[in-house]
Amino acid sequence: QSNISSQNLLPAASGKGLRVGILCAKWNREIIDRLVEGCLKTLTDAGVRREDIVLMDVPGSYELPFAAKCLTDRSDIDAVIGIGVLIKGETMHFEYISDHCTSGLMRVGLDSGKPVIFGVLTCLTHDQAVARSTGESNHGLAWGRAVVDMCALKNQCKQ
Amino acid sequence: QSNISSQNLLPAASGKGLRVGILCAKWNREIIDRLVEGCLKTLTDAGVRREDIVLMDVPGSYELPFAAKCLTDRSDIDAVIGIGVLIKGETMHFEYISDHCTSGLMRVGLDSGKPVIFGVLTCLTHDQAVARSTGESNHGLAWGRAVVDMCALKNQCKQ
Amino acid sequence: QSNISSQNLLPAASGKGLRVGILCAKWNREIIDRLVEGCLKTLTDAGVRREDIVLMDVPGSYELPFAAKCLTDRSDIDAVIGIGVLIKGETMHFEYISDHCTSGLMRVGLDSGKPVIFGVLTCLTHDQAVARSTGESNHGLAWGRAVVDMCALKNQCKQ
Amino acid sequence: QSNISSQNLLPAASGKGLRVGILCAKWNREIIDRLVEGCLKTLTDAGVRREDIVLMDVPGSYELPFAAKCLTDRSDIDAVIGIGVLIKGETMHFEYISDHCTSGLMRVGLDSGKPVIFGVLTCLTHDQAVARSTGESNHGLAWGRAVVDMCALKNQCKQ
Amino acid sequence: QSNISSQNLLPAASGKGLRVGILCAKWNREIIDRLVEGCLKTLTDAGVRREDIVLMDVPGSYELPFAAKCLTDRSDIDAVIGIGVLIKGETMHFEYISDHCTSGLMRVGLDSGKPVIFGVLTCLTHDQAVARSTGESNHGLAWGRAVVDMCALKNQCKQ
């Protein structure tokens, strides 16, 4: 019974021919870099060519949705990952940026019709962010796969 | 007096002819599978044909709205259920994903004019999610019925 | 001085000729029924004919905005009341449904240009919901009046 | 140095010729009345004619955005103030109404291109609301000025 | 490995020819002034001419999104910074204004296609706001750079 839901599941998707934008907030650079490496690994493992991946910096996570819009407006970009590392500080900055960078990336995906992957860590401590960007727990690995899977799902839905 | 509000209520709705998409986040697979089984039971009990139900995976609950948009864009899909299981962890990930997957599914339903059922458990513990996916408390049962009821309501509203 | 703000106030509005949709979530049925009775009382007291009031069920409060959209899309419906009773439970379901059913009903009102009254109790206990649906404190009474007042305001604003 | 940011500042704006709508929720009437008086004082002090100010009631703060839309749709209204007094009660009603009346008024301003001033007190106690509607602390004074300033800013931005 | 993500990074951007609007809420003027100075320093350091920077006041942070819309509607404005200082008080005013000024500025950026930089401090104490507007920690410095970087990113994305 446990495999009922896998009857019509997507086949292991290929990323061949996909052109992907990766946006990186500048804060917590070392962690961001590892997350990007994770994305690049799973993207290229799935067949995305390294030269078809565009990397761009943005000042902070609040700018991710706007930059995602700029990239999804391009006809030669199929999907975007917005990567940021937000860590709770003394003020309420963390909460408002986290909330509206999440809603903004969602909006850009729905407006554009192109997958926009939420690659933002919203952590209470620096250690939490390190743990989620290291080794097998590197969330970037999942985000790279998510791009490929969502592009496959989108194509499968086309009539 | 207690039946005042049931005067114009929908008749027991039939799902005959409905074509339904079920989207499943990949996390907490065992729980998701039971929720899907619940949906399938009430959908088919209502007359929806098994071959008219499309099952698709998405990487996580944040991707449910985008996938729901892809499915509602199809002329051969009448309604969508977005299924996910979110469980509170150490970071604030749970809060932001829960919030914007809820608002995103709402947006897709209102934008598309097709019922998009919110099938996401937003739990504080794993046990809570298990309880809500088991036996008579399996929320999937209600979600399947909700699809049929909302499609009936939509049709009833057509002039 | 206390009557400055009442100089240009709306006259006691009449509901004559109004056609109103009332949507009811199925949960906490006994409370919902009393709230509906409250709405019906003030609507009919204001001159709305009982046969011009359409009652419809929806599975839960999350479905209220979609159903409100279906009703406001009809040319023979002037306004909608979305009624639900949400009570805080063990999980975070209450918070996310409350939040986005509130925002969804707001959106449908602004999108459609027809009054959509928020008739959802967001309570921490069952007792709170009972208190707000009983006797003179029955919030349904206010919601019925709100429909009439908002339709009058809308007409008054037409040029 | 402290005057750097005032180099291009708006001149003391005049409200001559402006036509303003003031919307009032019916709850906490005594406080609302003082807030309205505050608005009227600064509006008329700035040159807005009393006969060019339209006062209208709405049932509660949730209805402010819809009513604001009705007023901004009129060609003879230049700006709107939505006034309400929300006080924390036993249930979560306060939180959801406060949140979405705030977002709704924002939406109507951005959709319409006319200033919609947020004149809602979101207080934890009745005393807080009294304090913010009395004497020099009467927030209505600031809201009236805000209308005039924002209309001036809008005109200054026109090319 | 730490430089993987910097392969395609933006070159040090120039602000030559950019025309920038800076919006300032009137509250906490002394802090606002220092934040503006910070913006002006990095903008002019990047080559933006002082006469191409427009400074405008708004009554409070809630008005920042509307004013940003007015400015982005102008063809001679390339980007906007919305500056405000919100400090937690006794009521819930802080939370609702913070939330929806954040979402409103995001909306205006995405609607207009012009960078709208979030320059609002959301602090729990006055000291926190002072610290974030002083010397090297002056957040205005980063906001000025963000304008230049985001305009460069936008241009780089144009096909």
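Note that the chains are named A, B, C, D and E in the order they appear, and that numbering of residues resets to 1 at the start of each chain.
Convention: contacts are C-beta pairs under 8 Å (C-beta built on N, C-alpha and C of every residue); 3 or more make two chains touch, one makes a residue touch a chain.
Treat the numbers as computed from the prediction; the structure is a model and nothing was measured.
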Starting at subunit C, fewest touch steps before arriving at subunit E: 2
Gap in Å, rounded to a whole number, between the CA centres of subunit D and subunit C: 25
Where subunit A and subunit D are represented by their mean Cα positions, the distance between them in whole Å: 40
Sites on subunit B at which at least two other chains make contact: 99, 103
Arrangement of touching chains [line / ring / star / complete / other]: ring
Ring order of chains, beginning at subunit B and proceeding to subunit C: B, C, D, E, A
Complex interface listing, subunit B residues touching subunit A: 22, 24, 29-30, 32-33, 36-37, 40, 54-60, 62-63, 65-67, 69-71, 73-76, 90-93, 95-97, 99-100, 103-104, 107-108, 111
For the subunit B and subunit C complex, residues of the former touching the latter: 1-10, 88, 98-99, 102-103, 106, 109-110, 113, 115-118, 121-124, 128, 132, 142, 145-146, 149-150, 153-154, 156-157, 159
